[in-house]
Structure formats: structure tokens, C-alpha cells
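Input: a single structure, listed below in C-alpha cells.
Chain nomenclature is as follows: A, B, C and D, assigned in order of appearance, with residue numbering initiated at 1 for each chain independently.
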Amino acid sequence: MTSAPDYGRAFGRWRAQAPAWGAYTQHAFVEGLRTGALPHANFLHYLRQDYIFLIHFSRAWALAAAKSETLAELRAASGTVHALAHVEMPLHVELCARAGIDAAELEATEEAPANLAYTRYVLEAGYSGDFLDLMAALAPCVLGYGEIGARLAGSGGAYAPWCDTYGGAEYQGLCRDVGTLIDSALLHRLGPDWVASPRMARLGARFATATRLEVGFWDMGLAGA
Amino acid sequence: MTSAPDYGRAFGRWRAQAPAWGAYTQHAFVEGLRTGALPHANFLHYLRQDYIFLIHFSRAWALAAAKSETLAELRAASGTVHALAHVEMPLHVELCARAGIDAAELEATEEAPANLAYTRYVLEAGYSGDFLDLMAALAPCVLGYGEIGARLAGSGGAYAPWCDTYGGAEYQGLCRDVGTLIDSALLHRLGPDWVASPRMARLGARFATATRLEVGFWDMGLAGA
Amino acid sequence: MTSAPDYGRAFGRWRAQAPAWGAYTQHAFVEGLRTGALPHANFLHYLRQDYIFLIHFSRAWALAAAKSETLAELRAASGTVHALAHVEMPLHVELCARAGIDAAELEATEEAPANLAYTRYVLEAGYSGDFLDLMAALAPCVLGYGEIGARLAGSGGAYAPWCDTYGGAEYQGLCRDVGTLIDSALLHRLGPDWVASPRMARLGARFATATRLEVGFWDMGLAGA
Amino acid sequence: MTSAPDYGRAFGRWRAQAPAWGAYTQHAFVEGLRTGALPHANFLHYLRQDYIFLIHFSRAWALAAAKSETLAELRAASGTVHALAHVEMPLHVELCARAGIDAAELEATEEAPANLAYTRYVLEAGYSGDFLDLMAALAPCVLGYGEIGARLAGSGGAYAPWCDTYGGAEYQGLCRDVGTLIDSALLHRLGPDWVASPRMARLGARFATATRLEVGFWDMGLAGA
């Protein structure tokens, strides 16, 4: 497994304990994005599902804002929702439009089981648990895309825009900010010795499960069309 | 598609609008239970996953109790949790033990993605929505097993005990009770003309999605070992 | 009772069915703001509690974003959280600072029972129910302040800035937007005849209970110092 | 302050850090129950509100079952809901009937603000947080009544049945069981050194806030009629 980008202490530990991390970040779908060999139909299928994903992902960050315990957490989480709803999602709609998928087709997309599995796992973790459970379940997505992007940036080919977006300075900065948010939330709730807290093992298990579901998301992208 | 057992008005309507209902209730796994041709290893795999399923299913019924709006709903839902936690789960542990799976192995089972997908979908429906959302998401499991049981009862073979449990008078009575609970909850919240409420279309979509995830559960049983 | 400002159809109906509406919007605390006779110590006490209130109010709007069912709802709710966390709360801190309450004192404020009662009622309504329950519980605050502001605007005196903020064009526009959001959410969930839905009676009861708790909030402002 | 009954380690610590514990457990309403001097009208007012309280209290325990992380927690919490819904609430209805309050009157009771404040605080703590938050918010009620009952048992007078119920062996055993449940849940989530976890301070603050709201409940009982 390649070395971890520096997105904070918790990420480094959780990543090291997630058996499926390599299967996720070096998935054949990801390799197809890197080399450009991924069939366009699969990419479009992925984009359509990703639109639905972004809706539930925004809801999950909104839930994080609702479960925040400090003003800093509230601002970070609500800033993320705002950016998703007002910037990322319109961008995604535009990206899909350029790829020939109009808004009506996007709205009519039936959510795939692998999509349901990951988004509902994240939301349920948040509702059943607290801010930390939500962060551990969200992290494989946010930070995994950062790690993938960092590796794929500059690889050129048909999917260069995708690779350069996630590998770019803006997204990498967001990953470092989310890593800091997570470490601060752990410190706030579990104290200075949070690394040794038994809670960390259970949060690591959440991260590992969410990582398995991310593998399923790529599998779905590769299978579908 | 075969005719629906009489588990109430909502069930009849939701069932008729769920495209995957036949794929779920007449799945190859189900046919394997009926004929006895299902390999034992697959049945054991299913039993292990079903144990984890029952835990989250109990949590979902507990959430229904928390979201109840009448004393009758509170009693019905809490009675179900109590029966699951104090009767069904010990029975399941015993059933597994007879099949050679001890408690430690059960506890150590890793939850399969198809299991995560369905259970978290149900719980998230309940947390994000209300009692009705929860019922629409739970119904394919509770009432679908009833319909399957009613069809498979008496088919004999290796899985006769399973078939006769779900086809038996006790489980069939429970299905009728749950059907009544659902119809009453709809009447209480949406009024006497609940059948025509736009809410019904959205609840029907929940039921249909949950049905698709039940298909995935059987697929998992058939694939795994 | 004076006539209702036009913040939409649902507001007009809920307001007419809330017995405590007059007691809330024409409370002695409100009259003290209008005439300027409210002792400054009571206003400061109110400001300190209102700071804590705003935190939970932001969390409630974040929960609304998490429970939204359309992109428009997601954007409206997340826009409100963003404005609260990044604009309103800093303004409130500044207002308190000018009144001689520094940030440390604000943070150290013990939440009064009347504050706990209203904020937790709103959040619990949202968690236990859906977007509509949350809107019905939030509306007395958002729209009641609008109605009070519209009446008090231009009354001059020591509390003129407060009166003119809530009576001003910006806040009045926000009230009309929230009214539209509520009416649209009702239409989306209950259909074109939502006014006649039994759900409306239950949402009206939520609105009426929340109104009673707003009376308690003013009582607390008047009693405390 | 009198010495604490032995309901576990967490209770002992939280109790010692709740400034309002004495005001709650030795409230004038409680003294009125002990001496028999409490006017009957106030007791009836309390009984009516307590009926509504029990509904939301049952919902809170159901939420605890939904948020449980072990089978033992699921069983303990669901067993409590079951007992509340099927035993305690019918008993309460009967007690009210003997006191001249029929079921229709009970159902028509308007929930007092102090009742709303405590019950919604508990439920919101549970929804926003985890099983531990819920336990810390519930404990002042469950265990405070135990401590009061232990002190009042055998005091005779008009309210002897009430005093002897909460002071009796059955309720005292339940308090010890809940104390054990809480200590086990802390151990499970925070590890063997849970007493030193920063989480304990925040849970202690929840307990202290809930205790203040219990004082408000007795105030309401004393004021109302």
C-alpha cells in the first residue's frame, strides 16, 4: 500500500487498520480513470449515481452540523453543506450536461444498491451515534478521494479533469481541513490521549466498513452502464 | 406474480407497485429452501448474516416505538422488540448452534454489504422520516417472509422447519397484526382517504426500494458460503 | 389580535389556531422593547440566553437540511444555517460586546430552563418527525419575530436597533421566504389539498405548543437579570 | 446533602457534581409527599402530567434500545419499555382512576412547559448523542426517584402508597440494575479508565442540567392544580 497523504493523525491510524483501503484506492475503476481506459459509459453511469450520492452526502454533512458541539464544528460542517449545495452540485449538473446527461435524466436515475448501502450507512452512523461516528463514516469518501486524486493528478487522458480536480490544491486543502476537524473533534470529546481511547477502535471499525462500501461503489461503476 | 396474502390494504397496494416483488419472493434462494436443493453452506451463511440482521431489525422496531404517536403503536412496537430480543434471538442462536455455528462465531461474523444496505436503509428511513417511513421500509421483510412462508409451508425437505416457521399460524398472525398496525398508522396520520394521499406514492417508493435490497440479501445468501 | 402579516397560507392558519399567539407577540417584554421601558439588565439577560438559543436554532436548521427532500429545501435550509453561523452569530457577539458582555461571559452563560424547553422541543420535533414537524416548531420563532418586528419598527427608543432589525426589509423578506418554503413543503408532501389534511391539525398543535414555549422565553427575559 | 444510595459509580459521581441535586430530592413537593401535607389537588395535577411524562419516558427508553451497542443493552432497554408500556402505564391509569381522573381526562391533559422541558431534553440528548447521553439525561429521574423513595419509605400519611412504591424492593432493585447498565455502558465505550475520561465531565453536565429540569417539574407540581 502506498504511503498516506498527511490528512491528520486519525486518518493515518484508521487507514492503516482498514483492510480494504488498497482495494478501494487502487480499484480497477480508479486505474481506468488514471489510464483513461475506463469506458465512457461506465463513467457516465458513475456520474449519474454520484449525483444522487452528493445529495445524501450533503444531508450527512448537514447532520454533522446538527450534531456539532462547538461553534468551529458548526461552521466547518455548515460551510461544507453550503459549498456542496451551492457550488459542487451545480458543477456536477454542468459536468453531466457536458457529458450528455440532462437534469431530467439525472433526477430520474434509480439509486443503485451500492449507492444506497454507502449513503445510508453514513447517515445511520450519524443518527445512531455522534459527530465522531459521522466523521469516521464520511472520511473514506472525503479523504480517500483526496488520496486517489493526489496519485492521479497529472496523469492526463480522457479523465484528466476528474483527476486534476481531486488532486488539485483546493481539494487537497479541503482534505487537510477535514483531517484537522476530525482530530480536533476527537481531542474535544476524548481528551489529549484520544489515540489510546477504546472509542478509537470502534471508530476505526466504522471507517473500515465504510471503506468496504466504497469498494462496492467502484464495483457498481465498473459493472453498470 | 401470485396473489397477495391478506396483510392489509397498504401492503396490497405497495406490493403491487414494487417491480422487484416477484424477484424477491420467488428468488432462487427461496426456491432452494422450498425444494431443499439449497446447499447447506449457503444456508449457514444466510443464518450467520441473519443474526446480525436481527440485531439491527430489533433496533429498527425500537426506533418505531420511539416514533410512535399512540399508546397502541408504542405497545405494538415495543412488544415486537421484546419478542425479538427475548425470544427470536435466543431461538436463532439455538438454531445456529444446532447447525454447528457457536455463539462466538456468530458474534465474529463480518456484516456483508447486502446486509448493511438493507438494515441501514431501514434505520435511516426511520431516523430521517417518521413511523410510516419506518413501516414502509420494514414491511417487505416482515410481510414478504410471511408471503414466502405461506407458499413454502408443508413443502418438506431439509428446510422444512424454516418453511413451517414462517408459514405457521403464529407468524401469519403476526403479519396480519403488522398489516393492521400499518393501516391504522396511515389512517391516524393521513385521514380516512389515506389511499389517495401523495404520501402513499412516496411510501410505496420506500417499499419498492427496500424490496430491491431484499433481493440483494438473497443474492448474498446464494453467493456466499 | 392584530392581523397577520402575509407569510404564507400555513402561517395564517397555524397562527389563528394558537391560543397563546397574542400572549407571545404582545408580551410585556415586547411592549418594553417597543416603549423602551424594558430595564437594560433584562435585555442583557435576554441577549445572553439568545446567544445559546442561536446555537441550537442553527442546529435545528441544519437538521432541516438533513431532512430535506428536494434540492430547493436543501439549499434554503443550508443557506439559513450558513447565514446564522457566519453572519448572525458574529453580529450577535458584536451586539453583546457593545452591551458590555464579552465572548467569555457569553460562552459561560448557563442555559435557562425556558431556553432549554423551546430549543429542545424544536430539535426533538425534528428528530422524531420530519421536515414539516421541524418547520411547524420553528415557525413561531422565525415568523413571530417578523410579526413583532413589523409592529415595532420605527418605535424609536432604547431598543430601536432591535425593533428595526426585525421590522426591516431584509428580515421581512426572509419571513416571506420561509413562509413560501413551508407552503411548498406541505404541497410536496401532502398534495394540493394539504389545507384539509389531518396532518395540518397535528402540525398546528406543534405550532401552538412552540408558541407557548416562546411565551416562556419572554417570561424568562422579564424575570431574569 | 444526605448520602447517596448505591446505584453504581457513575451515579455517585454525577450526583456529587449536580448543584441542584439537593433542591430536587428534598424539594417542598417531596416534603409534602413525606409529611402528607401536599394538597390533594397538587398531587392530582402531578399525576396527570406524570402520565404524559411516562409516554415520552417510554419513547426515550425505546430510543435507548435503538442506540444500544450490545445485546445486553438492547435487552435491558427493551425490557424497560415493555414494562413501562404494559405494566407501569396501565397501573398509572388505574391509580388516576382511583383518584377520580378518568382516561379521557388523562388523554386531554395539556402538557405543561416544565414537562415539555424535561422530556424533550432527554429525547434530544438521545437523538443528538449516543446511549451514554441518554442514560445521563434519564438517570436523575430513574435514580432520583429511587433516592427519594428510599428516604420516604415508611413515612405513612396520605401519600404512603407513592412513597412505598419507589422505596420498595422492586423499584430499588431496578435502580441498582440501571446503575449497573450505566457503568457497563461507560466501560464498554470509554474503557477501564472511564472515570477519568473527559466525556465524563460532559455527561455530568447533562445529568446536572436534567436535575435542574426535575426541580422545575416539582415546581410545576406545587404551582399547578
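Operating definition for what follows: a residue touches a chain if its C-beta (ideal position, glycine included) is under 8 Å from a C-beta of that chain, and two chains touch if they have at least 3 such contacts.
Remember, it's a predicted structure, so these values are computed and weren't measured experimentally.
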| item | value |
| --- | --- |
| Relative to subunit D, chain with the most remote C-alpha centre | A |
| Contact-richer chain pair [C-D vs B-C] | C-D |
| Subunit B and subunit D: spacing of chain centres that average the CA atoms, whole Å | 35 |
| Centre distance in Å when subunit C and subunit D are each reduced to the mean of their C-alpha atoms | 31 |
| Intercentroid distance (Cα basis), subunit C paired with subunit B, Å | 42 |
| In subunit B, residues with contacts to at least two other chains | 59, 66-67, 123, 127-128 |
| Contact set on subunit C toward subunit A in their complex | 55, 58-60, 62-63, 65-68, 71, 74-75, 77-79, 81-82, 85-86, 89, 123 |
| Interface residues, subunit B side, partner subunit C - complex | 66-67, 127-130, 133, 189-191, 197-199, 202 |
| List of subunit D residues in touch with subunit C within their complex | 59, 111, 113-114, 116-117, 120-121, 123-124, 127-128, 209, 212-213, 216 |
